[in-house]
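Structure, as structure tokens:
By letter and in written order, the chains are A, B and C; residue numbering begins at 1 in each of them.
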Amino acid sequence: MLSSQVNATVDGGLNQDTLRREARRETWKAFALLSPGMAVVCLAILVPIGWLFALSLFDEQGRPSFENYARLVEQRSYIQTFITTFQIAFTVTGVCIVLGYPLAYMLSQLPRRIAQIGLICVLLPFWTSVLVRTYAWLVLLQRRGLVNTWLTDLGIVSQPIAFINNFNGVVIGMTHILLPFLVLPLYASMRSIDKDCLRASLNLGASPIAAFWQVFLPLSIPGLVSGVVMVFVLSLGFYITPALMGGGRVVMWAMRIEQTASLYTNWGAASALGVVLLVTTLIILGLFQWRLGSRAAAAWNAR
Amino acid sequence: MSTLGAALPIRIRGIEKKYGPVTILQRLDLDVAAGEFLTLLGPSGSGKTTLLMILAGFVRPDAGSIKIGGDEIIAAPPHRRNIGMVFQNYALFPHMSVSQNIAFPLRQRRVPAADIVRRVTSALEMVRLNGYGERRINQLSGGQRQRVALARAMVFEPRIVLMDEPLSALDKGLREHMQLELRDLHRSLGMTTIYVTHDQREAITMSDRIAVMNGGAIEQIDRPEALYAHPRTHFVASFIGESSFIPVDIRDGVPWFRDAKLQTTARTSSSGRYLMSVRPEKVRLAAAGGDDGINILAGVMGDVIYQGDSFACSIDIGDGVKLTMRDYCREDTMARLPARGESIRVSIAASDAILVEAG
Amino acid sequence: MTRSSLFAVVTAATMVAAPAFAQQSITVSSAGGAYQEAQRKALFTPTAKELGITIKEDTTTGINDVRLQVAGRAVKWDLAQLNGYECARGAKEGLFEPIDYKIVDTTGIDPRLVHPEWVAISYTSLVLIYNTKVYGENGPKTWADFWDVKKFPGRRALSHVFSPDMLSVAAMADGVQMDKVYPLDMDRALKSFAKIKNDVSAWWTSGAQATQLVKDGEVDMASIWNGRASALVADGAPVRFSYDQAVLMPGCIAIPKGAPNKALAMKALANFLKPELQADFSLLIANGPANQGAFSTGKIPPERAAQINSSPDNAKKQVLLDPTYWADNLVTATEKLNEIMQR
């Protein structure tokens, strides 16, 4: 008679209430397990960003105002910095693609063990500080540096080439630092391309070049997109390398944030620059997701 | 569409392939007739897939010759061989629609756009996927993907079609259905086909001839029923169908098992140690003493395994040798079945007793 | 310059008279590096010994640190070493305690640098340096020379968008008399800056970078801090510089508002400014003493005095950067400079 007693308390099936309660308890448990992570996200990301945003809406006297944003539009130097920042980011991303794609392609075609050694070489620069790497470039590329000395000694150029203290220098330095961010996801996605797909395309009559353009390249797009997004977004926030390699002639957004933070007595001035960078980055990420994300996702899902 | 008449014979001679010290294929010869459906059957590592890859041009052999209808293709790059291939995991292009996949080989051959549309449509019809042209590959089931792969491999009317375990990723029911479909397709189109599988049932169902491969060489090549009835080696006998093996000594041309003299219609040498291979369905319970042409062996009844339409039981005939007997589940046979542990006698017709080399 | 504060505890002599009492202490923040080390040896340690206290140290990168502490009502520094114009700005913002000049004796300190809430402590100069391999002994001597790209062709470096020294230099380059540089004619200085802007190969953002540019021959002439310039000369680099037309930039010290031990800090500050300690300080580092009395203590030999940027003879050749002018005009000038820079 026990079962009928249990039954009597519920409207549906046997033990329905108990099972439902258990399910709810499990949800709460999962939530409880997640809460430390969520607290970290909240404290370390959401709260500071919110604060940053709030600060940007107050002027030097602590009154609410849009002065900090108005300044960015009214003063041409900020607009120019913004344009420069994007020019650099686009150029660096482009150079990274040109250098990184063949590199990742080569690594993906090598036997795994050799490719791993190659990857370690790609990652090697990660293990030294950005400052050291940037100074190393200065030593190599300056007017009386190694490269210019060789070039002039060999008679290739008569005047030293201005590699650094200009746009070129910033691009060289940043490309060196950011290249692994493109190569790694690209390599991973190239590795995961089904070798049989390439064989199939050859078998079906595609020349190796046609097979590359029509099959390999489209299938490597997801990795390329994530690499490009990473490089582009990181480029926007670069500070040390452009400051040193650009010789002050190339001013990027992060350098303006630093300058503004010490120039103005209110944090809002620099906060506004930070907010602009953050929002711009989010918009770009959104655009990438919208334009390329769906296509990339479709290619991934197919495996 | 039909490739009938365009089908070409394949003549393979002296193919050798080594990876370092490991020999994958050893001086392999093989002839495939025009329009034939030939299966390469063997366990993994037997070299069957390597041979297929060499045919398709993805693996370069160390030596050998491959002629298709008289043309030497051993040095031709894969994209100039004009051989259709169906891959184990289909190798469909995930970034293209079904139609684009099937149109791919035609586009490479610069077929006019209108013709491409027509031929893609008829290829879709052929594999019964009308109306699926705009689907993406990830929207298809396994069987549908398989059909797209077939259509893609055949739409350009290749002289030869290679299939590398194309059904192994499908579940059992679908696999058996696709076997028949493939068979029908081959019959109607008549292209020379080389099919690789490790599934002996599949090979028997589909093939004109089967080449059983082992250790980088072809052990035996023949029609399925001939292979089944007359396996020449222990390997072939055990790989194709089920077999029990009775170790026999041949003295003066007569095989002996313990103190029993056995009869066989197979040709025997004068002496040596052999195995007598017996198919389970050829073993019968014996009523009384043997006639001429019938071997009678005494044994002890073992476990009976019920398998629905049939049952199998193992019979210990001494010296640790066990025979498997299989029969249909009919009421009368089941009723007369001896109990476990009971002493019984079984009969094997001389014509069903096949001698293979021990090894 | 590392931000991680090192709380190097300066040992004070054990007080024989009052061993039972816990020692009182103050915290001083400074610019770190060799500069702070010289301060430790010449100013902090002797003062700690004399007053019987412990002086703890911290490092700062500028006025923002003080702003943060005062705004957050969590002031941990009793004395903060800053740039002159930062002190002037901080005073405007009300970040500092008034200095009790009954305790702090400012005899010998330039009266222009004695303010109710801050006082000068040392000097740094921005000098013109040039490569003798390129120009021999007759290199650019004035900022007008520096601006004259026809007479002195070659690659140039200036400091990056730091308007006080940049515009002081630009004004002189345009022919403004040294005693008329302040109050600054900002528009004139900016116009002058615009003239040289395109001929500058590199803009340095740190002393180390300026040194590297000059040392490696990346540029042929540059503006540079006198300490860095002296180091290059001592290293045997083929360079030459002088204090003619240099910009004398005062370093200052102030007591942050709400400092925990301001009475003690006041006594320590008074001690730091004593001629004897100031003289000791100037023997250790290229930053000259704020107190001119240091030169009459007899501690500084005449040949050393000739090298010190704030010695009476050298100071005369230079323009004193006016902190109060920059407290009022820094933002406007910097933004205008940015504008021209990026045009």
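Simple rule for what comes next: contacts are C-beta pairs under 8 Å (C-beta built on N, C-alpha and C of every residue); 3 or more make two chains touch, one makes a residue touch a chain.
All values derive from a computational prediction rather than experimental measurement.
**Q** Comparing chain centres built from Cα atoms against the global Cα centre, which chain wins on proximity?
**A** Central chain is A.
**Q** Please identify the chain with the largest separation between its CA centroid and the CA centroid of chain A.
**A** B
**Q** Nearest whole angstrom, what separates the Cα centre of chain B from the Cα centre of chain C?
**A** 90
**Q** Starting from the mean Cα coordinates of chain A and chain C, work out the distance between those two points in Å.
**A** The mean C-alpha positions of chain A and chain C differ by 40 Å.
**Q** Chain A to chain B: how many Å between their CA centres?
**A** Inter-chain centre distance comes to 53 Å.
**Q** Could you tell me which residues belong to chain B and also touch two or more other chains?
**A** Not one residue of chain B touches more than one other chain, so the list is empty.
**Q** For a test of understanding, state which residues of chain B touch chain A in their complex under the given definition.
**A** Those residues of chain B that touch chain A are 56-58, 77-79, 81-85, 87-89, 91-95, 104-105, 108-109, 136-138, 152-153, 156.
**Q** Considering the complex alone, what residue numbers of chain A touch chain C?
**A** Result: residues 75-77, 80-81, 84, 135, 138-139, 142-145, 162, 164-165, 243-244, 247-249, 251, 259, 261-265 of chain A touch chain C.
**Q** Which stretch or stretches of chain C touch chain A in the complex?
**A** Contacts found on chain C: 62-64, 67, 89, 93, 155, 157, 160-161, 200-205, 209, 212, 216-218, 330-331, 334-335, 338-339, 341-343.
**Q** Under the definition above, what is the set of chain A residues touching chain B in their complex?
**A** 194, 196-197, 199-208, 210-211, 214-215, 218-219, 221, 295, 298-299, 301-303
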